[in-house]
Amino acid sequence: MGSTGVFVHSRRVTWGETDAARIAYTARFLDYAMEAVERWFQDRLGTGWYEMNVDEGIGTPFVHVQMDFRSPVTPRDTLDSTVRLIRLGGSSLRFAVTGRVGERLVYEAELVCAFVETARMKPIPAPERYRPALEAEAALA
Amino acid sequence: MGSTGVFVHSRRVTWGETDAARIAYTARFLDYAMEAVERWFQDRLGTGWYEMNVDEGIGTPFVHVQMDFRSPVTPRDTLDSTVRLIRLGGSSLRFAVTGRVGERLVYEAELVCAFVETARMKPIPAPERYRPALEAEAALA
Amino acid sequence: MGSTGVFVHSRRVTWGETDAARIAYTARFLDYAMEAVERWFQDRLGTGWYEMNVDEGIGTPFVHVQMDFRSPVTPRDTLDSTVRLIRLGGSSLRFAVTGRVGERLVYEAELVCAFVETARMKPIPAPERYRPALEAEAALA
Amino acid sequence: MGSTGVFVHSRRVTWGETDAARIAYTARFLDYAMEAVERWFQDRLGTGWYEMNVDEGIGTPFVHVQMDFRSPVTPRDTLDSTVRLIRLGGSSLRFAVTGRVGERLVYEAELVCAFVETARMKPIPAPERYRPALEAEAALA
(Lines give C-alpha, C1' and ligand atoms only; values in the text may rest on other atoms or scores of the structure.)
Protein backbone atom coordinates (compact mmCIF):
# COMPACT_ATOMS: atom_id res chain seq x y z
CA MET A 1 0.00 0.00 0.00
CA GLY A 2 1.32 3.41 -0.92
CA SER A 3 1.90 6.19 1.59
CA THR A 4 -1.33 7.89 0.52
CA GLY A 5 -3.40 4.77 0.89
CA VAL A 6 -3.32 4.04 -2.83
CA PHE A 7 -3.01 0.34 -3.67
CA VAL A 8 0.35 -0.91 -4.99
CA HIS A 9 0.98 -4.43 -6.26
CA SER A 10 4.65 -5.46 -6.39
CA ARG A 11 6.21 -8.44 -8.00
CA ARG A 12 9.43 -9.55 -9.62
CA VAL A 13 9.49 -9.86 -13.42
CA THR A 14 10.05 -13.52 -14.40
CA TRP A 15 12.33 -15.16 -16.96
CA GLY A 16 9.34 -16.62 -18.78
CA GLU A 17 7.97 -13.12 -19.40
CA THR A 18 11.02 -12.01 -21.38
CA ASP A 19 11.40 -12.38 -25.13
CA ALA A 20 14.37 -12.71 -27.46
CA ALA A 21 15.01 -8.94 -27.18
CA ARG A 22 15.86 -9.74 -23.54
CA ILE A 23 13.14 -7.53 -22.07
CA ALA A 24 9.60 -8.37 -20.95
CA TYR A 25 7.34 -8.98 -23.97
CA THR A 26 4.85 -6.22 -24.83
CA ALA A 27 1.76 -8.36 -24.27
CA ARG A 28 2.89 -9.26 -20.74
CA PHE A 29 2.35 -5.65 -19.64
CA LEU A 30 -1.41 -6.11 -19.97
CA ASP A 31 -1.05 -9.17 -17.74
CA TYR A 32 0.83 -6.99 -15.22
CA ALA A 33 -1.85 -4.28 -15.24
CA MET A 34 -4.72 -6.79 -15.07
CA GLU A 35 -3.05 -8.69 -12.22
CA ALA A 36 -2.65 -5.41 -10.30
CA VAL A 37 -6.35 -4.57 -10.77
CA GLU A 38 -7.31 -8.12 -9.72
CA ARG A 39 -5.36 -7.65 -6.47
CA TRP A 40 -7.00 -4.26 -5.98
CA PHE A 41 -10.43 -5.93 -5.97
CA GLN A 42 -9.23 -8.50 -3.43
CA ASP A 43 -7.65 -5.85 -1.23
CA ARG A 44 -10.11 -2.99 -1.51
CA LEU A 45 -13.48 -4.71 -2.11
CA GLY A 46 -12.60 -7.81 -0.11
CA THR A 47 -13.56 -10.16 -2.93
CA GLY A 48 -11.96 -11.43 -6.12
CA TRP A 49 -13.21 -11.84 -9.68
CA TYR A 50 -13.47 -15.58 -9.13
CA GLU A 51 -15.71 -15.28 -6.07
CA MET A 52 -17.83 -12.59 -7.73
CA ASN A 53 -18.35 -14.75 -10.83
CA VAL A 54 -18.78 -18.18 -9.30
CA ASP A 55 -20.53 -17.29 -6.02
CA GLU A 56 -22.44 -14.12 -6.88
CA GLY A 57 -23.10 -14.37 -10.63
CA ILE A 58 -21.45 -10.98 -11.19
CA GLY A 59 -18.81 -10.29 -13.81
CA THR A 60 -16.62 -7.27 -14.55
CA PRO A 61 -15.66 -7.61 -18.22
CA PHE A 62 -13.21 -5.04 -19.55
CA VAL A 63 -14.42 -2.83 -22.37
CA HIS A 64 -11.35 -0.64 -22.92
CA VAL A 65 -7.61 -0.70 -22.30
CA GLN A 66 -4.86 1.74 -23.25
CA MET A 67 -1.19 1.53 -22.38
CA ASP A 68 1.91 3.64 -22.91
CA PHE A 69 5.22 1.86 -22.55
CA ARG A 70 7.85 4.17 -21.05
CA SER A 71 10.84 1.91 -20.33
CA PRO A 72 11.63 -1.82 -20.53
CA VAL A 73 11.82 -4.27 -17.63
CA THR A 74 13.80 -7.48 -17.10
CA PRO A 75 13.94 -10.17 -14.38
CA ARG A 76 16.42 -7.90 -12.55
CA ASP A 77 13.43 -5.69 -11.76
CA THR A 78 10.63 -5.68 -9.19
CA LEU A 79 7.68 -3.91 -10.75
CA ASP A 80 5.40 -1.79 -8.53
CA SER A 81 1.99 -1.23 -10.11
CA THR A 82 -0.13 1.51 -8.50
CA VAL A 83 -3.90 1.24 -9.02
CA ARG A 84 -6.23 4.25 -8.79
CA LEU A 85 -9.99 4.27 -9.38
CA ILE A 86 -10.20 7.46 -11.41
CA ARG A 87 -13.87 7.28 -12.40
CA LEU A 88 -16.74 5.54 -10.67
CA GLY A 89 -19.68 5.44 -13.06
CA GLY A 90 -23.09 3.90 -12.51
CA SER A 91 -21.99 0.46 -13.63
CA SER A 92 -18.42 1.10 -14.82
CA LEU A 93 -15.02 1.60 -13.23
CA ARG A 94 -12.07 3.38 -14.85
CA PHE A 95 -8.66 2.57 -13.40
CA ALA A 96 -5.32 4.29 -13.89
CA VAL A 97 -2.50 1.81 -13.38
CA THR A 98 1.09 3.05 -13.30
CA GLY A 99 4.10 0.73 -13.28
CA ARG A 100 7.43 1.76 -11.80
CA VAL A 101 10.76 0.17 -10.90
CA GLY A 102 11.93 2.33 -8.01
CA GLU A 103 11.53 5.89 -9.35
CA ARG A 104 11.71 4.83 -13.01
CA LEU A 105 8.40 5.01 -14.91
CA VAL A 106 7.72 1.77 -16.82
CA TYR A 107 4.14 1.95 -18.09
CA GLU A 108 0.97 4.00 -17.75
CA ALA A 109 -2.35 2.32 -18.38
CA GLU A 110 -6.06 2.98 -18.19
CA LEU A 111 -8.55 0.13 -18.00
CA VAL A 112 -12.34 0.31 -17.96
CA CYS A 113 -14.62 -2.49 -16.80
CA ALA A 114 -18.36 -2.75 -16.23
CA PHE A 115 -20.40 -4.74 -13.75
CA VAL A 116 -22.64 -7.31 -15.45
CA GLU A 117 -24.99 -10.06 -14.43
CA THR A 118 -23.17 -13.10 -15.82
CA ALA A 119 -26.32 -15.09 -16.64
CA ARG A 120 -27.32 -12.61 -19.34
CA MET A 121 -24.16 -10.48 -19.68
CA LYS A 122 -26.33 -7.37 -19.01
CA PRO A 123 -24.85 -4.30 -17.30
CA ILE A 124 -25.97 -3.78 -13.71
CA PRO A 125 -25.29 -0.96 -11.24
CA ALA A 126 -22.24 -1.41 -9.03
CA PRO A 127 -23.59 -3.61 -6.21
CA GLU A 128 -24.65 -1.68 -3.09
CA ARG A 129 -22.38 -3.69 -0.80
CA TYR A 130 -19.32 -2.44 -2.73
CA ARG A 131 -20.38 1.24 -3.00
CA PRO A 132 -18.77 2.49 0.22
CA ALA A 133 -15.40 0.95 -0.68
CA LEU A 134 -15.68 2.16 -4.28
CA GLU A 135 -16.46 5.71 -3.15
CA ALA A 136 -13.57 5.71 -0.68
CA GLU A 137 -11.21 4.60 -3.48
CA ALA A 138 -12.56 7.15 -5.95
CA ALA A 139 -11.90 9.84 -3.33
CA LEU A 140 -8.22 8.83 -3.15
CA ALA A 141 -7.60 9.28 -6.87
CA MET B 1 -2.83 -35.28 -41.10
CA GLY B 2 0.17 -37.58 -41.39
CA SER B 3 0.52 -40.12 -44.18
CA THR B 4 -0.55 -42.93 -41.85
CA GLY B 5 -3.66 -41.14 -40.71
CA VAL B 6 -2.06 -39.94 -37.49
CA PHE B 7 -3.06 -36.41 -36.45
CA VAL B 8 -0.47 -33.65 -36.84
CA HIS B 9 -0.93 -30.07 -35.63
CA SER B 10 1.40 -27.50 -37.20
CA ARG B 11 2.05 -23.96 -36.23
CA ARG B 12 4.73 -21.33 -36.30
CA VAL B 13 6.56 -20.56 -33.06
CA THR B 14 5.85 -16.93 -32.05
CA TRP B 15 8.07 -14.14 -30.77
CA GLY B 16 6.13 -13.94 -27.51
CA GLU B 17 6.99 -17.57 -26.76
CA THR B 18 10.74 -16.93 -26.73
CA ASP B 19 12.75 -15.96 -23.67
CA ALA B 20 15.97 -14.06 -23.11
CA ALA B 21 17.97 -17.15 -24.17
CA ARG B 22 16.43 -16.52 -27.62
CA ILE B 23 14.66 -19.89 -27.79
CA ALA B 24 11.10 -20.88 -26.86
CA TYR B 25 10.67 -20.95 -23.05
CA THR B 26 10.46 -24.39 -21.42
CA ALA B 27 6.93 -23.94 -20.09
CA ARG B 28 5.62 -23.09 -23.57
CA PHE B 29 6.25 -26.69 -24.69
CA LEU B 30 3.42 -27.89 -22.47
CA ASP B 31 1.21 -25.30 -24.16
CA TYR B 32 2.31 -26.74 -27.53
CA ALA B 33 1.53 -30.32 -26.52
CA MET B 34 -1.80 -29.39 -24.92
CA GLU B 35 -2.82 -27.34 -27.94
CA ALA B 36 -2.03 -30.31 -30.21
CA VAL B 37 -4.17 -32.64 -28.06
CA GLU B 38 -6.98 -30.04 -28.02
CA ARG B 39 -6.96 -30.00 -31.84
CA TRP B 40 -6.91 -33.81 -31.88
CA PHE B 41 -10.21 -33.84 -29.93
CA GLN B 42 -11.73 -31.37 -32.38
CA ASP B 43 -10.48 -33.30 -35.40
CA ARG B 44 -10.91 -36.89 -34.27
CA LEU B 45 -13.86 -36.79 -31.85
CA GLY B 46 -15.61 -33.91 -33.62
CA THR B 47 -15.92 -31.88 -30.42
CA GLY B 48 -13.71 -29.64 -28.32
CA TRP B 49 -13.04 -29.36 -24.60
CA TYR B 50 -15.17 -26.24 -24.47
CA GLU B 51 -18.23 -27.90 -26.01
CA MET B 52 -17.77 -31.02 -23.86
CA ASN B 53 -17.56 -28.95 -20.68
CA VAL B 54 -20.19 -26.30 -21.31
CA ASP B 55 -22.73 -28.27 -23.36
CA GLU B 56 -22.30 -31.82 -22.08
CA GLY B 57 -21.02 -31.41 -18.51
CA ILE B 58 -18.02 -33.61 -19.30
CA GLY B 59 -14.44 -32.72 -18.46
CA THR B 60 -11.09 -34.32 -19.32
CA PRO B 61 -8.70 -33.12 -16.62
CA PHE B 62 -5.07 -34.14 -17.05
CA VAL B 63 -3.56 -36.27 -14.32
CA HIS B 64 -0.02 -36.79 -15.66
CA VAL B 65 2.42 -35.14 -18.06
CA GLN B 66 6.01 -35.97 -18.94
CA MET B 67 8.22 -34.26 -21.50
CA ASP B 68 11.72 -34.69 -22.88
CA PHE B 69 13.19 -31.67 -24.60
CA ARG B 70 15.42 -32.73 -27.51
CA SER B 71 16.26 -29.50 -29.33
CA PRO B 72 15.29 -25.82 -29.07
CA VAL B 73 12.90 -23.93 -31.35
CA THR B 74 12.68 -20.29 -32.38
CA PRO B 75 10.21 -18.18 -34.41
CA ARG B 76 12.14 -19.30 -37.50
CA ASP B 77 10.50 -22.70 -36.99
CA THR B 78 7.15 -24.28 -37.79
CA LEU B 79 6.53 -26.97 -35.21
CA ASP B 80 4.68 -30.15 -36.24
CA SER B 81 3.18 -31.98 -33.25
CA THR B 82 2.02 -35.55 -33.91
CA VAL B 83 -0.65 -36.92 -31.53
CA ARG B 84 -1.13 -40.64 -30.95
CA LEU B 85 -3.63 -42.26 -28.56
CA ILE B 86 -1.36 -44.94 -27.12
CA ARG B 87 -3.64 -46.27 -24.41
CA LEU B 88 -7.42 -46.24 -24.23
CA GLY B 89 -8.47 -47.16 -20.70
CA GLY B 90 -11.96 -47.37 -19.26
CA SER B 91 -12.10 -43.69 -18.43
CA SER B 92 -8.58 -42.52 -19.26
CA LEU B 93 -6.62 -41.64 -22.39
CA ARG B 94 -2.83 -41.70 -22.73
CA PHE B 95 -1.38 -39.65 -25.56
CA ALA B 96 2.11 -39.64 -27.05
CA VAL B 97 2.85 -36.25 -28.59
CA THR B 98 6.02 -35.75 -30.61
CA GLY B 99 7.20 -32.36 -31.85
CA ARG B 100 9.40 -31.98 -34.92
CA VAL B 101 10.71 -29.22 -37.15
CA GLY B 102 11.10 -30.98 -40.47
CA GLU B 103 13.06 -34.14 -39.57
CA ARG B 104 14.54 -32.64 -36.41
CA LEU B 105 13.13 -34.02 -33.15
CA VAL B 106 12.14 -31.22 -30.74
CA TYR B 107 10.19 -32.81 -27.89
CA GLU B 108 8.58 -36.08 -26.85
CA ALA B 109 5.68 -35.99 -24.43
CA GLU B 110 3.13 -38.25 -22.82
CA LEU B 111 -0.08 -36.86 -21.38
CA VAL B 112 -2.82 -38.70 -19.53
CA CYS B 113 -6.36 -37.37 -19.02
CA ALA B 114 -9.53 -38.90 -17.59
CA PHE B 115 -13.17 -38.35 -18.44
CA VAL B 116 -15.12 -36.84 -15.53
CA GLU B 117 -18.60 -35.60 -14.87
CA THR B 118 -17.92 -31.89 -14.21
CA ALA B 119 -20.72 -31.42 -11.67
CA ARG B 120 -19.02 -33.73 -9.18
CA MET B 121 -15.53 -34.16 -10.73
CA LYS B 122 -16.10 -37.97 -10.62
CA PRO B 123 -14.49 -40.25 -13.24
CA ILE B 124 -16.88 -41.67 -15.81
CA PRO B 125 -16.38 -44.19 -18.64
CA ALA B 126 -15.42 -42.73 -22.00
CA PRO B 127 -18.82 -41.71 -23.45
CA GLU B 128 -20.33 -44.29 -25.83
CA ARG B 129 -20.67 -41.79 -28.66
CA TYR B 130 -16.90 -41.30 -28.71
CA ARG B 131 -15.92 -45.00 -28.41
CA PRO B 132 -15.77 -45.82 -32.15
CA ALA B 133 -13.50 -42.85 -32.88
CA LEU B 134 -11.36 -43.57 -29.80
CA GLU B 135 -10.93 -47.21 -30.83
CA ALA B 136 -10.01 -46.24 -34.38
CA GLU B 137 -7.36 -43.86 -33.03
CA ALA B 138 -5.97 -46.40 -30.57
CA ALA B 139 -5.61 -48.82 -33.48
CA LEU B 140 -3.41 -46.32 -35.35
CA ALA B 141 -0.90 -45.96 -32.54
CA MET C 1 -5.49 -12.10 -47.15
CA GLY C 2 -8.61 -9.96 -47.45
CA SER C 3 -10.28 -9.17 -50.77
CA THR C 4 -8.69 -5.72 -50.82
CA GLY C 5 -5.20 -7.00 -50.21
CA VAL C 6 -5.30 -6.18 -46.50
CA PHE C 7 -3.61 -8.77 -44.28
CA VAL C 8 -5.84 -11.05 -42.19
CA HIS C 9 -4.57 -13.52 -39.60
CA SER C 10 -7.02 -16.27 -38.64
CA ARG C 11 -6.87 -18.71 -35.82
CA ARG C 12 -9.10 -20.71 -33.53
CA VAL C 13 -9.43 -19.52 -29.93
CA THR C 14 -8.00 -22.16 -27.56
CA TRP C 15 -9.27 -23.66 -24.31
CA GLY C 16 -6.21 -22.38 -22.44
CA GLU C 17 -7.10 -18.80 -23.38
CA THR C 18 -10.47 -18.90 -21.62
CA ASP C 19 -11.03 -17.96 -17.98
CA ALA C 20 -13.58 -18.95 -15.36
CA ALA C 21 -16.16 -16.63 -16.99
CA ARG C 22 -15.98 -19.10 -19.92
CA ILE C 23 -14.78 -16.51 -22.43
CA ALA C 24 -11.27 -15.58 -23.57
CA TYR C 25 -9.43 -13.63 -20.84
CA THR C 26 -9.01 -9.88 -21.42
CA ALA C 27 -5.21 -9.97 -21.50
CA ARG C 28 -5.24 -12.61 -24.26
CA PHE C 29 -6.63 -10.05 -26.72
CA LEU C 30 -3.33 -8.18 -26.71
CA ASP C 31 -1.65 -11.50 -27.51
CA TYR C 32 -4.10 -11.89 -30.43
CA ALA C 33 -3.40 -8.40 -31.77
CA MET C 34 0.38 -8.74 -31.33
CA GLU C 35 0.39 -12.15 -33.00
CA ALA C 36 -1.52 -10.67 -35.97
CA VAL C 37 1.00 -7.83 -36.30
CA GLU C 38 3.88 -10.33 -36.02
CA ARG C 39 2.43 -12.30 -38.94
CA TRP C 40 1.93 -9.07 -40.88
CA PHE C 41 5.70 -8.41 -40.66
CA GLN C 42 6.44 -11.93 -41.87
CA ASP C 43 3.95 -11.68 -44.72
CA ARG C 44 4.37 -8.09 -45.84
CA LEU C 45 8.00 -7.28 -45.04
CA GLY C 46 9.25 -10.81 -45.59
CA THR C 47 10.98 -10.96 -42.22
CA GLY C 48 9.99 -11.58 -38.61
CA TRP C 49 10.82 -9.82 -35.35
CA TYR C 50 13.18 -12.66 -34.45
CA GLU C 51 15.21 -12.36 -37.65
CA MET C 52 15.27 -8.56 -37.42
CA ASN C 53 16.51 -8.68 -33.82
CA VAL C 54 18.96 -11.55 -33.96
CA ASP C 55 20.31 -11.19 -37.51
CA GLU C 56 20.02 -7.45 -38.16
CA GLY C 57 20.23 -5.84 -34.71
CA ILE C 58 16.93 -4.05 -35.30
CA GLY C 59 14.05 -4.01 -32.83
CA THR C 60 10.50 -2.70 -33.04
CA PRO C 61 9.45 -2.08 -29.43
CA PHE C 62 5.84 -1.03 -28.92
CA VAL C 63 5.26 2.36 -27.32
CA HIS C 64 1.46 2.50 -27.28
CA VAL C 65 -1.52 0.14 -27.37
CA GLN C 66 -5.25 0.78 -27.10
CA MET C 67 -8.05 -1.76 -27.37
CA ASP C 68 -11.84 -1.68 -27.30
CA PHE C 69 -13.51 -4.99 -26.55
CA ARG C 70 -16.78 -5.31 -28.48
CA SER C 71 -17.90 -8.92 -27.91
CA PRO C 72 -16.51 -12.03 -26.21
CA VAL C 73 -14.97 -15.06 -27.91
CA THR C 74 -14.75 -18.73 -26.93
CA PRO C 75 -13.05 -21.82 -28.37
CA ARG C 76 -16.12 -22.23 -30.61
CA ASP C 77 -14.79 -19.25 -32.56
CA THR C 78 -12.19 -18.67 -35.24
CA LEU C 79 -10.92 -15.13 -34.86
CA ASP C 80 -9.95 -13.14 -37.98
CA SER C 81 -7.64 -10.23 -37.17
CA THR C 82 -7.21 -7.64 -39.95
CA VAL C 83 -4.01 -5.57 -39.83
CA ARG C 84 -3.76 -2.13 -41.46
CA LEU C 85 -0.74 0.19 -41.40
CA ILE C 86 -2.59 3.46 -40.77
CA ARG C 87 0.41 5.72 -40.24
CA LEU C 88 3.95 5.38 -41.52
CA GLY C 89 6.15 7.83 -39.64
CA GLY C 90 9.90 8.38 -39.97
CA SER C 91 10.73 5.64 -37.51
CA SER C 92 7.31 4.59 -36.23
CA LEU C 93 4.42 2.47 -37.46
CA ARG C 94 0.81 2.78 -36.29
CA PHE C 95 -1.38 -0.26 -36.90
CA ALA C 96 -5.15 -0.65 -36.71
CA VAL C 97 -6.04 -4.25 -35.89
CA THR C 98 -9.66 -5.36 -35.99
CA GLY C 99 -10.84 -8.76 -34.75
CA ARG C 100 -14.01 -10.39 -36.10
CA VAL C 101 -15.73 -13.76 -35.91
CA GLY C 102 -17.54 -13.90 -39.22
CA GLU C 103 -19.36 -10.54 -39.41
CA ARG C 104 -19.36 -10.03 -35.64
CA LEU C 105 -16.97 -7.34 -34.37
CA VAL C 106 -14.84 -8.63 -31.46
CA TYR C 107 -12.15 -6.03 -30.82
CA GLU C 108 -10.63 -2.88 -32.28
CA ALA C 109 -7.04 -2.04 -31.47
CA GLU C 110 -4.33 0.42 -32.34
CA LEU C 111 -0.68 -0.38 -31.74
CA VAL C 112 2.36 1.85 -32.30
CA CYS C 113 5.92 0.58 -32.58
CA ALA C 114 9.22 2.26 -33.46
CA PHE C 115 12.30 0.96 -35.22
CA VAL C 116 15.36 0.95 -32.95
CA GLU C 117 18.94 -0.17 -33.10
CA THR C 118 18.97 -2.90 -30.46
CA ALA C 119 22.54 -2.31 -29.31
CA ARG C 120 21.65 1.11 -27.91
CA MET C 121 17.84 1.07 -28.03
CA LYS C 122 17.99 4.30 -30.10
CA PRO C 123 15.26 5.09 -32.67
CA ILE C 124 16.33 4.74 -36.29
CA PRO C 125 14.53 5.49 -39.55
CA ALA C 126 12.53 2.64 -41.04
CA PRO C 127 15.20 0.67 -42.95
CA GLU C 128 15.39 1.50 -46.67
CA ARG C 129 14.90 -2.11 -47.73
CA TYR C 130 11.47 -2.15 -46.08
CA ARG C 131 10.28 1.26 -47.34
CA PRO C 132 8.63 0.07 -50.59
CA ALA C 133 6.61 -2.59 -48.76
CA LEU C 134 5.73 -0.16 -45.95
CA GLU C 135 4.55 2.45 -48.44
CA ALA C 136 2.46 -0.09 -50.33
CA GLU C 137 0.80 -1.14 -47.07
CA ALA C 138 0.19 2.43 -45.94
CA ALA C 139 -1.52 3.07 -49.28
CA LEU C 140 -3.97 0.21 -48.61
CA ALA C 141 -5.17 1.63 -45.29
CA MET D 1 11.43 -20.92 3.57
CA GLY D 2 10.21 -24.15 5.11
CA SER D 3 10.96 -25.15 8.69
CA THR D 4 13.69 -27.53 7.53
CA GLY D 5 15.40 -24.91 5.42
CA VAL D 6 13.82 -26.14 2.20
CA PHE D 7 12.82 -23.40 -0.22
CA VAL D 8 9.10 -22.64 -0.60
CA HIS D 9 7.65 -20.20 -3.12
CA SER D 10 4.12 -18.99 -2.37
CA ARG D 11 1.74 -17.10 -4.53
CA ARG D 12 -1.95 -16.62 -5.14
CA VAL D 13 -3.48 -18.28 -8.19
CA THR D 14 -4.78 -15.61 -10.61
CA TRP D 15 -8.01 -15.26 -12.57
CA GLY D 16 -6.13 -15.28 -15.86
CA GLU D 17 -4.72 -18.73 -15.07
CA THR D 18 -8.15 -20.36 -14.87
CA ASP D 19 -9.97 -21.92 -17.81
CA ALA D 20 -13.62 -22.51 -18.65
CA ALA D 21 -13.68 -25.51 -16.26
CA ARG D 22 -13.18 -22.86 -13.53
CA ILE D 23 -9.87 -24.30 -12.29
CA ALA D 24 -6.29 -23.41 -13.21
CA TYR D 25 -5.43 -24.67 -16.72
CA THR D 26 -3.15 -27.73 -16.93
CA ALA D 27 -0.34 -25.95 -18.75
CA ARG D 28 -0.14 -23.26 -16.04
CA PHE D 29 1.19 -25.85 -13.56
CA LEU D 30 4.47 -26.03 -15.48
CA ASP D 31 4.64 -22.24 -15.19
CA TYR D 32 4.11 -22.61 -11.42
CA ALA D 33 6.87 -25.23 -11.07
CA MET D 34 9.30 -23.31 -13.29
CA GLU D 35 8.63 -20.05 -11.43
CA ALA D 36 9.35 -21.84 -8.14
CA VAL D 37 12.65 -23.19 -9.48
CA GLU D 38 13.54 -19.73 -10.83
CA ARG D 39 13.03 -18.25 -7.36
CA TRP D 40 15.09 -21.09 -5.86
CA PHE D 41 18.06 -20.03 -8.02
CA GLN D 42 17.66 -16.41 -6.91
CA ASP D 43 17.32 -17.37 -3.26
CA ARG D 44 19.81 -20.22 -2.96
CA LEU D 45 22.47 -19.44 -5.59
CA GLY D 46 22.10 -15.68 -5.29
CA THR D 47 21.63 -15.22 -9.03
CA GLY D 48 18.82 -15.56 -11.53
CA TRP D 49 18.57 -17.18 -14.95
CA TYR D 50 18.61 -13.73 -16.53
CA GLU D 51 21.86 -12.67 -14.87
CA MET D 52 23.48 -16.06 -15.59
CA ASN D 53 22.53 -15.86 -19.27
CA VAL D 54 23.15 -12.20 -20.02
CA ASP D 55 26.08 -11.47 -17.70
CA GLU D 56 27.86 -14.83 -17.47
CA GLY D 57 27.01 -16.60 -20.75
CA ILE D 58 25.66 -19.58 -18.81
CA GLY D 59 22.30 -21.23 -19.48
CA THR D 60 20.35 -23.93 -17.67
CA PRO D 61 18.02 -25.42 -20.33
CA PHE D 62 15.56 -28.01 -19.10
CA VAL D 63 15.83 -31.47 -20.61
CA HIS D 64 13.05 -33.31 -18.75
CA VAL D 65 9.85 -32.53 -16.89
CA GLN D 66 7.23 -34.77 -15.31
CA MET D 67 4.16 -33.76 -13.37
CA ASP D 68 1.35 -35.50 -11.52
CA PHE D 69 -1.75 -33.43 -10.89
CA ARG D 70 -3.34 -34.33 -7.55
CA SER D 71 -6.06 -31.71 -7.03
CA PRO D 72 -7.26 -28.55 -8.78
CA VAL D 73 -6.61 -24.95 -7.71
CA THR D 74 -8.57 -21.73 -8.19
CA PRO D 75 -7.97 -18.03 -7.42
CA ARG D 76 -9.32 -18.76 -3.92
CA ASP D 77 -6.01 -20.56 -3.30
CA THR D 78 -2.49 -19.56 -2.38
CA LEU D 79 -0.16 -22.19 -3.79
CA ASP D 80 3.00 -23.13 -1.87
CA SER D 81 5.61 -24.79 -4.09
CA THR D 82 8.46 -26.54 -2.26
CA VAL D 83 11.71 -26.98 -4.23
CA ARG D 84 14.23 -29.70 -3.40
CA LEU D 85 17.48 -30.42 -5.27
CA ILE D 86 17.25 -34.22 -5.30
CA ARG D 87 20.21 -34.96 -7.55
CA LEU D 88 23.31 -32.92 -8.17
CA GLY D 89 25.12 -34.35 -11.20
CA GLY D 90 28.29 -33.13 -12.85
CA SER D 91 26.46 -30.65 -15.06
CA SER D 92 22.83 -31.42 -14.29
CA LEU D 93 20.35 -30.65 -11.53
CA ARG D 94 17.21 -32.68 -10.74
CA PHE D 95 14.54 -30.88 -8.74
CA ALA D 96 11.48 -32.23 -6.97
CA VAL D 97 8.82 -29.55 -6.76
CA THR D 98 5.69 -30.17 -4.72
CA GLY D 99 2.68 -27.84 -4.73
CA ARG D 100 0.29 -27.61 -1.81
CA VAL D 101 -2.58 -25.43 -0.65
CA GLY D 102 -2.34 -25.68 3.11
CA GLU D 103 -2.09 -29.43 3.74
CA ARG D 104 -3.76 -30.37 0.45
CA LEU D 105 -1.43 -31.85 -2.19
CA VAL D 106 -1.87 -30.15 -5.58
CA TYR D 107 0.96 -31.33 -7.82
CA GLU D 108 4.21 -33.26 -7.71
CA ALA D 109 6.85 -32.52 -10.33
CA GLU D 110 10.38 -33.39 -11.25
CA LEU D 111 12.43 -31.13 -13.50
CA VAL D 112 15.95 -31.68 -14.82
CA CYS D 113 18.17 -28.94 -16.21
CA ALA D 114 21.79 -28.83 -17.33
CA PHE D 115 24.39 -26.09 -17.20
CA VAL D 116 25.51 -25.01 -20.68
CA GLU D 117 27.78 -22.42 -22.19
CA THR D 118 25.25 -20.33 -24.11
CA ALA D 119 27.59 -19.40 -26.95
CA ARG D 120 27.76 -23.00 -28.16
CA MET D 121 24.94 -24.65 -26.13
CA LYS D 122 27.53 -27.18 -24.85
CA PRO D 123 27.15 -28.76 -21.40
CA ILE D 124 29.61 -27.51 -18.79
CA PRO D 125 30.24 -28.57 -15.19
CA ALA D 126 28.24 -26.74 -12.56
CA PRO D 127 30.31 -23.56 -12.01
CA GLU D 128 32.68 -23.74 -9.00
CA ARG D 129 31.22 -20.62 -7.40
CA TYR D 130 27.84 -22.32 -7.11
CA ARG D 131 29.11 -25.71 -5.84
CA PRO D 132 28.99 -24.99 -2.10
CA ALA D 133 25.39 -23.76 -2.29
CA LEU D 134 24.40 -26.65 -4.56
CA GLU D 135 25.94 -29.19 -2.20
CA ALA D 136 24.22 -27.63 0.80
CA GLU D 137 20.88 -27.83 -1.03
CA ALA D 138 21.44 -31.42 -2.14
CA ALA D 139 22.13 -32.32 1.50
CA LEU D 140 18.72 -30.95 2.51
CA ALA D 141 16.77 -33.15 0.10
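Order as written gives the chain letters A, B, C and D; numbering starts at 1 within each chain.
Keep this in mind: a contact is a pair of C-beta atoms (placed from the backbone, for glycine too) under 8 Å apart; a residue touches a chain by one contact, two chains touch by 3 or more.
The model shown is predicted, which means the values in this text are computed figures rather than measured ones.
Colleague: Using the touch definition from the top, list the chains contacting both chain A and chain B.
Modeller: Looking at chain B and chain A together, the chains touching each of them are C, D.
Colleague: Where are there more C-beta contacts: B-C or B-D?
Modeller: By number of C-beta pairs in contact, B-D is the larger.
Colleague: Going by C-alpha centroids, which chain is farthest from chain C? Tell me that one.
Modeller: Using the mean of the C-alpha atoms as each chain's centre, the farthest one from chain C is D.
Colleague: Same or different for chain C and chain D, when you check if over half of the residue numbers at their contact belong to both copies?
Modeller: same
Colleague: Can you compute the centre-to-centre distance for chain B and chain C, using the mean CA position of each chain? Integer Å is fine.
Modeller: From the centre of chain B to the centre of chain C is 28 Å.
Colleague: I'd like to verify one number: the distance from the centre of chain C to the centre of chain D, where each centre is the average of its C-alpha atoms, in whole angstrom.
Modeller: The computed centroid separation for chain C versus chain D comes out at 34 Å.
Colleague: When the C-alpha atoms of chain B and chain D are each averaged to a single point, how far apart are the two points in Å?
Modeller: Averaging C-alpha atoms per chain gives centres 24 Å apart.
Colleague: Among all residues of chain B, which ones touch two or more of the remaining chains?
Modeller: If we look for residues of chain B contacting two or more partner chains, we find 15-16, 18, 20, 22, 26-27, 31, 34, 49-50, 54, 74-75.
Colleague: With chains as vertices joined when they touch, what's the shape: line, ring, star, complete or other?
Modeller: Drawn as a graph, the chains make a fully connected set, so complete.
Colleague: Under the definition above, what is the set of chain A residues touching chain C in their complex?
Modeller: Those in contact with chain C are residues 20-21, 23, 26-27, 30-31, 34, 49-50, 53-54, 59, 61-69, 72, 118, 121.
Colleague: In their complex, what parts of chain D are in touch with chain A?
Modeller: 14-16, 18, 22, 31, 34-35, 38, 48-51, 54, 74-76
Colleague: Which bits of chain D are touching chain C when the two form their complex?
Modeller: Touch list, chain D to chain C: 15-16, 18-20, 22, 25-27, 74-75.
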